[in-house]
Each structure stands twice: as C-alpha cells, then as structure tokens.
Amino acid sequence: MRLRQLPYLGRTALEGFRAHALMNLIAVIIIALAFVVGGGFLLLVINVEWAAEGWSEQIQVTAYLADGLSAEATQGLRSRIAGLPEVAQVRYVSKDDALKAFRGQLGPRASLLQGLTESPLPASFEIALRPMHRSADGAERLAGRLRDLQGIEEVSYGQDWVRRLQGFLEFLRLVGAVIGGGLLLSVIFIVSNTMALTVLARREETEILQLVGATRSFIALPLVFEGMIQGLLGALLSLGLLYAAYELFTTQLYLQAVAGLRPGGIRFLPWQLGAAVVGAGLLLGAIGSLLALGRAESVER
Amino acid sequence: MRLRQLPYLGRTALEGFRAHALMNLIAVIIIALAFVVGGGFLLLVINVEWAAEGWSEQIQVTAYLADGLSAEATQGLRSRIAGLPEVAQVRYVSKDDALKAFRGQLGPRASLLQGLTESPLPASFEIALRPMHRSADGAERLAGRLRDLQGIEEVSYGQDWVRRLQGFLEFLRLVGAVIGGGLLLSVIFIVSNTMALTVLARREETEILQLVGATRSFIALPLVFEGMIQGLLGALLSLGLLYAAYELFTTQLYLQAVAGLRPGGIRFLPWQLGAAVVGAGLLLGAIGSLLALGRAESVER
Amino acid sequence: MIQMYHVTKSYPGGVEALVDITLHVPRGEFVFLTGASGAGKTTLLKLLFCAEPPTRGQILLNGRNAARLRRAAIPLLRRQIGMVFQDFRLLPRRSVFENVALALEVMGLPRREIRRRASEALAWVGLEARQAQPAIRTSGGEQQRTAIARALVNEPYLLLADEPTGNLDPDISLEVMELFKRVNARGTTVLVATHNRDLVTRYPFRTVALEKGRLLA
Amino acid sequence: MIQMYHVTKSYPGGVEALVDITLHVPRGEFVFLTGASGAGKTTLLKLLFCAEPPTRGQILLNGRNAARLRRAAIPLLRRQIGMVFQDFRLLPRRSVFENVALALEVMGLPRREIRRRASEALAWVGLEARQAQPAIRTSGGEQQRTAIARALVNEPYLLLADEPTGNLDPDISLEVMELFKRVNARGTTVLVATHNRDLVTRYPFRTVALEKGRLLA
C-alpha cells in the first residue's frame, strides 16, 4: 500500500458505502440505537447524580453546646468550627431559638410550654458541609472532630436519615455501574458485530480483490474507513435522537411532574461526553471492521 | 405453499441457519446483547422500585389527640382509624410516652425537663399505611380524613420528607420510563434490523428461489423461521448473560456495599418477565425477517 | 406457444437491447437463437421468462399476455418453463442434488417423488457421481449441467437455454443436444441461445439471428 | 517458466482433481489445456495462480517454489500473472472500466496511467462503449471480455485463461485468440484451458490434454 493510493482507498470507502446503501443504512441505525442506549443510560446517571446532589445538600450536622457557655467562648468555638476543612457554613441557634423552633413544631399544643421560665433546650450550631464531604462518612468524620472540642456537649447529624439516603444512592451507583459496564460492553459488541455483519456480507468482493493481487491493507483500509463512516454517522444520529428525546422530556413532561425538584430541571450530556460518543463511534467502527476482517479470514467460506 | 411443504421449510430454515453459521452467530450475539441491555434496565428498575418500596414503608402518619380525651373515646377513635381503608396498623403513644421519647431525643439535656409536672406533649396515634397508599398522596388523603375526626387535634406526616422522597422516586420513574421506552424501541429496532442485515445478505439466494418458481411464502417462511431461531437463541443467551451478571453481583459486590439495604438483597427477573423476553425474541425475530423481506423487495439490487 | 409483437426492450442506462421484435414460435418447435455478444439473446429469453418486463410490445405465452400476469401468477408460470441461465444461478452452498430438487420442492411434490425425479434428471446430464457436492465446489461444466438438469426436472412445456454448452466439451455438448431433442420430441418447445456454430450447423432446426437487438430476416 | 513435478490435488470431499502431474512450460510458449468437463483444467490453473495449494508435488514459477511463498508475497505474484476466470469473478456493482482498472489500482499506479492503460485494454476486447456500465448489467460475453481485459491490463508475464471464449461468438473468439497471440509474441507465456475444438485445431500450438486428472501422453 502506498500513500498515493490513499485517495483511492478513501473514494473506495465512500463508494462502498453508497453501493451498499441499504445495508449500511441499517447498520448505521443499529449503531445509532446502541449508542442511544448507552447515551440514554449516561443521561440517566448524570441526572440522578445531579438530583442526588441536591438531596445531600440537606445533610447537616448539629452541634449542641454545653449549658452556660460564655458569649466569647461561643464565638471562639464558632470560628474554630468554621475553620474545619469539612465545614461550609455555620449557623448559631440560641436556646431561645431552639425553644421557638420547638414551639413551632408543637403547633397549637405549644401553649403547654408556657410554664417554662427558661428554655430547656440547648443552644447549637447548625453546620452545612462542603459538597465533597456531604456523605454519611463526611458527616461522621466531622461529628468526631466536633465531639473533641471543648464546650460541645453532643453532636447529631440525623444519622439514620443520612445513612439511608447514602445507602440508597450507593445502591443506585452500584447497580448503575454494573449495568452501565454491561451496557458499555454490549454497545461495543453490538457496534463491532454490526460492522462484522456488513463486512461479512462482502466476502465475495474481498475474495475478488485478493485474486487481482490486492494486499491485505489495500482490502482492509476501505472497509475500516467504511466502518468509521458507519460509526460516525451512527454516533451523530444517536446524539440527535437523544437530544430530541431530551427536548421532548423537558418541554412536555418535566413541568407537570418534576417541577420544583431542582431549579435547572434536567441536564443534557455535557459537550465532552458528546464528543466522546462521536470518538467512540469512529473508534468502534475501525475496530469492528478489523475484527470482522480477522473473523472472515479465519473461517472458510 | 402447501402444508406438506412445512417440514421442508423447517429443514430449510435449520440448514440456512447452519449454512450461514458465522453470520447467524454474530446476529445472535447482537440480539442477545440488545436483550441484555433491555433486560438489564428491567433489572435495574425492578430493584430500584423494590428498594424504594422499603423506603416508603417508613411513611407514617401521626395524629395528635385533643387533650383530656377519655380512655373510651380514645379507644373508639382508635378502632375508627383502624377501620379506614388506608390504614395498616395503629400504635397509641400516650402523653407520657411522648415525653419519654422527647427526653430520649434531648439526651443528656433531658434533665432540664424535670421541672415539668405534666407532659406538655399531646398523646398521638402513629399510623402505618397499607402498601398501596404509601405515598405523599395517600398520606395526605389519610391526613384529611383524620382531621375530620372528633378528638383529633392535628395531623402530621413529615410532609417535607415524604414529598421529597416522593419527588425523587417520581423523577426516577419518569426518567426511567422515557429511557426505558426509548430502550424498548431501540431493542426492537436493533433486533429487527439485525435480521434485516442477515436477510439482505442473502438477496442473491432469494432471487434464485424466485427464478425457479418459488412463491413468496415459500421464500419468506424459512427466513421467518430462521429469524425466530435467531431471536430465540438471542433471548436465551441474554437471559444466561444477565443471570451470570446477577450472580456475580450478588456474590461479589453485594455483601460489602449494599449490606443491610434490604434483607433479600437484589432480585432477579421473575419468571414471567423471563418468559416475556423469550417470547419477544421469537416475535421480534419473525417481525424482523418480514420487515427485512419487505425492504429487500422494495429496493433494486 | 410464443408470440412476440413489436417487442422493444431498453435498459435504464439507455441501451436498446431489443428493437421491434416480432417472432412466433409454434408449439413443439426447436429454435436456435444466435447473434454476436451483446446482440440481445439473453434479454429475449429473460422477457419470455418474465424476469424483465418489455418496454413496448406484446408477448403471449400459450395465449396468455405475459405483461398482464398478476405477480402471484409468475411463480406458477416459471414452474412450467425450464430456463438454463447463462450464469447458471445455482445456490452455491446447496448440493448439486438439492439444486435440482429445488425446482420440485417449490411445487410441493411428495418427497419420494422429488428424490426419484431429481436423480433421474442428474442421470440425464451424467452427474450422478457429483450429486452430494456443494454446487460451488464443482467444475464449470458440472455447474452448467446442474443448471440444465434443474431446468428439465419438472418437464416444462417450454425450455429456454442460454448458451447451455459454453462450458461443456464437444462430446457432452452433443449429449446435451440429444437430451434437448428427446425433450422436444416429447412435446416441449425448445429455444436455445448459442454461439456454438458446430451445433447450429449440425442440427437442421430453425435459426433466429439477432444483430444489435434486431431480428435478421 | 512453469515446472510442475508429480503434482497431486485432492479436494476435501475426496475428489482427486489432479493426479501426479509433471509438466514443463518454457517461457514464451503458448499452450492449450484440454479435457472433458471435470478433468481438472481449472484446478491446474488455480494451483499455478496460488489460489489453491497442491496436496503433493512441487510447483516452480519462474524458478520460485510456489508452495513456499510467504503469504504477503502472493499478491505480488498475482500482479504478474493474468488470470481469466471461468466464472469471470468481476465486482458486480463496479463498472466495466473500474473492474479493469482495479488490477492497476492495487499496484498503486498514478491515476492518469491507470486511465490510459485500462482504456487501452478495453479497446483490445471491443468494450469501449460499455465501460461505464456496472458489470452485472452487461451481457455474458461482455463480462467475459471484461475479465480478459483485466487479466491483460498489467502486462503479465504469464496469462492463465480458463475457457475464455465460452460465452463469445466465433468472430470475437478469434479476435481474442489473436489478442492472446500478440501478447504471447511480446513474451508472455500463455496457457489457455478450452473446450473449443475450432480454436485448438486452427492454431498450431502445443496441446496438453487432461483426463480425469491425469495427463494424456
């Protein structure tokens, strides 16, 4: 194979693509749908993660203060806490604030608390975590640190609630990873096998080329290019389909059902992932054709 | 086409399958992977739903009683509530129980409550809902009924928490439905297009049959049978792959990560869905071949 | 048997393969069709076999208008016409026997009957020893003879043979011609397109010559 | 040029296509290969073209052992041998011109050179007018001539022609033979497998006859 032949091989690939238009069209459809499946799953994961992020913003740690702590000591504690690496924000809740909140919780029954001369409830700091620490482990770690501080009586962070949310998300991620991994493999196999089918359907042509003295690379390159065209078109088509589905989803169903779930609504794939899908199309196209050629050679007609 | 020819057509289908062994094998792999994708998503949905069910078991409604209700009135109220359609179970929490629980919540600070001569907290019923009503709407409906009852002062059901969980699950279901729908369509198209590719690769054969006077059904039936064989093998292979993945998942990863999430762990597809996958394989195989034949006829060689 | 009136066939590319052909072949006749390469012999046979529609003109087969046949009637027509294709048109992976039997399978004959008649037809062309071999794995002449056996196996009332001896040696060519003569004697109308001057001169049959798509007087 | 020593070829089915063939063809010779259908002519040409390996025996081409060629060397060998296949082996959807040009494309010649030589080769066989048509849409004889043009276009030192006139009328057959003679006169060794007795008797070349895989003395 010489460099001079490259234009010929490119032309041949394009002509091959046109000559077997129907076959290639079907292959592109299969490939696009495989990518729709993969990309759709990616979309699902991205959006669930994003929604879950909104949830875990709610994770906060409450540090109850020892009774009778001086205003200065409280202030000092506050700045020490604010300096901890996990901490994003600290809000002080005085004893009276706590009682007020408690009253609010009791609602009409709150009048029963009027006999109290002093708030029986402790003052506290409500601490918001930095995003990367918003997990059961992060909260636990922070709670440990806080417990060591002078003047902090008790720490609570809704252990139960957080643990459960955590478990659920972890479960989602785990199932998602396994299914996503299987999916990725499946898409790879579907795409490359589809190439294999179209290459296999042209064994006769390949044989004739061998008979007129074509080298292996001369036979393989146009098929590899053709596979790349298939993969490219399939990937682009899949992105188009996904985007159409996404548009439909956001405009039609989103408002009625998920309103208020999160301000931005649903997200589409970031452009990097879109580019990755296109790259995967090209790569899988090339690999698929090469595999198919190998297979076709290893099997007698 | 006569009945007598059926065995011949069946034999022809089997022979055709063997004669194009490599092509058919690849087609079966593509189909199996498409079904793996569909079945994997089904598995994901089933298991997320199942886990979410565990979550919503936690939804309960608390009805606070008016102060000074007699024991009889309380008893009467209790049985009326127990008789409501949404209610699975009712637990009575007396004023003292409530105070005790409150003390437990306050922990070491509870000593501050010792000044109280009488519990300031109301007595209440904690009501578990029947499974089908375990949703924000169900809880709301029940709360409405309870509010109408004599002797019930206030009703709470952790509105916020339930709403949010509800929203999250609804979001999951919605995204899942859209992606699942796209997936189902994709699998159908992938499977039938794969058949189309293998049928298309045999246009020459089909043409020769026409030339020796074969009727359309004589040509079509073996191809349809062959498509059904492809679909059947693909579906069975996909179930095998999914089960293997499931086994791997439960034995390897499950213990360390999702332990305690739910007693039974992860579930496999119930047999009805497995049977449905096999049926879908046969059906899609037949439909795919028929579509492919139509397409092949409508296009000049 | 065959009546063609002012038949013209132009292919999409603009090639006029047949121009204003009027031709009658009475039942039971044996006719040679000659002409240089590209003269239109194959095209004429394809029109008679309903493998291509004529662009203009009328074709009557056994009194029926070929152009007006319903689509579903074409297979039935083809079962009564035997055609030996210039490029054989065999199923490459099926055995020689299966290729011949195929013409009977499509008619739904009982299995034993198919066996008997296919074996018989293979014997006519001397292929008994090759019957189990896949068609693609036989020699050019063997493939041609398989095609001949397939065309004759259902005892057609019309035999269209396109260059049936192009890959056969002179001895087997003569045997094939004798076979065609026997078939013709039993009442089958025979139309043989050939370049083989030996055959055309050896047999006293009517010869129809084409030149660039036109009939030579 | 060609030296075969005790070459035997049996196909997987158990068919002995060639038995103990010893044959020498000196450079520049013109040889007819004859034999009944199934005698082994095509098999012999395929062995020389390295399309099939011999079961036993040695084949030397230009002094090189054909059986010991590296796989990558086979394409290079084939570019120097022209072969006309009995079943043509054309790319059906490519035009007549492209089919002929293909043999030059694989060698990586400049485009203009390819154009010139392919057009020339098509003129040799009288196909100028058909060059843009897809091969599948040409007549049997036109396909055969396309195959001949493709075999000759890269001026091979060895021409193997398998039944090259089976689909040609006598006039064109003679033209093709004259073409082969010219090629032979320029130094190409020519081996033509044929059933055409006219040709074999008309030309005074050496004839090698096969019978059931054996050389007739």
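We call the chains A, B, C and D, going by the order they appear; numbering starts again at 1 in every chain.
One rule holds for everything that comes next: contacts are C-beta pairs under 8 Å (C-beta built on N, C-alpha and C of every residue); 3 or more make two chains touch, one makes a residue touch a chain.
This is a predicted model, so every value here is computed, not measured.
Q: Identify the chains adjacent to both chain A and chain B in the sense defined at the top.
A: Touching chain A and chain B alike: no chains returned.
Q: By mean C-alpha coordinates, which chain is most distant from chain C?
A: Between chain C and every other chain, the largest centroid distance is to A.
Q: Name the two chains that are joined by the greatest number of C-beta pairs in contact.
A: By number of C-beta pairs in contact, the leading chain pair is A-B.
Q: Mind checking the centre-to-centre distance between chain B and chain D? Centres are C-alpha means, answer in whole Å.
A: 66
Q: Averaging only over C-alpha atoms, locate the centres of chain A and chain D and give their separation in whole Å.
A: 62
Q: For this assembly, give the contact graph shape among line, ring, star, complete and other.
A: ring
Q: Which of the chains are touching one another, listed as pairs?
A: In this structure, the chains touch in these pairs: A-B, A-D, B-C, C-D.
Q: Sort out for me which residues of chain C touch chain B in the complex.
A: 49, 51, 72, 75-79, 83, 85, 89-91, 93, 102-103, 105-108, 110-111, 150
Q: Can you list the residues on chain B that touch chain A in the complex?
A: Residues 22-23, 26-27, 29-30, 33-34, 36-37, 40-41, 43-44, 47-48, 51-52, 55, 64, 67, 106-109, 112-113, 115-116, 120-122, 153-154, 161, 164, 167-168, 170-172, 174-176, 178-179, 182-183, 185-187, 189-190, 193-194, 196-198, 200-201, 241, 245, 249, 253, 257-258, 260-261, 266, 295-296, 299.
Q: Mind pulling up the chain C residues that touch chain D in the complex?
A: So the residues of chain C touching chain D come out as 11, 13, 15, 34-38, 42, 86-87, 130, 132-133, 137-142, 144-145, 162-163, 166-173, 195, 197-198.
Q: Please give the residue numbers of chain A that touch chain D in the complex, ascending.
A: Those residues of chain A that touch chain D are 1-2, 4-5, 8, 19, 205, 207-216, 218.
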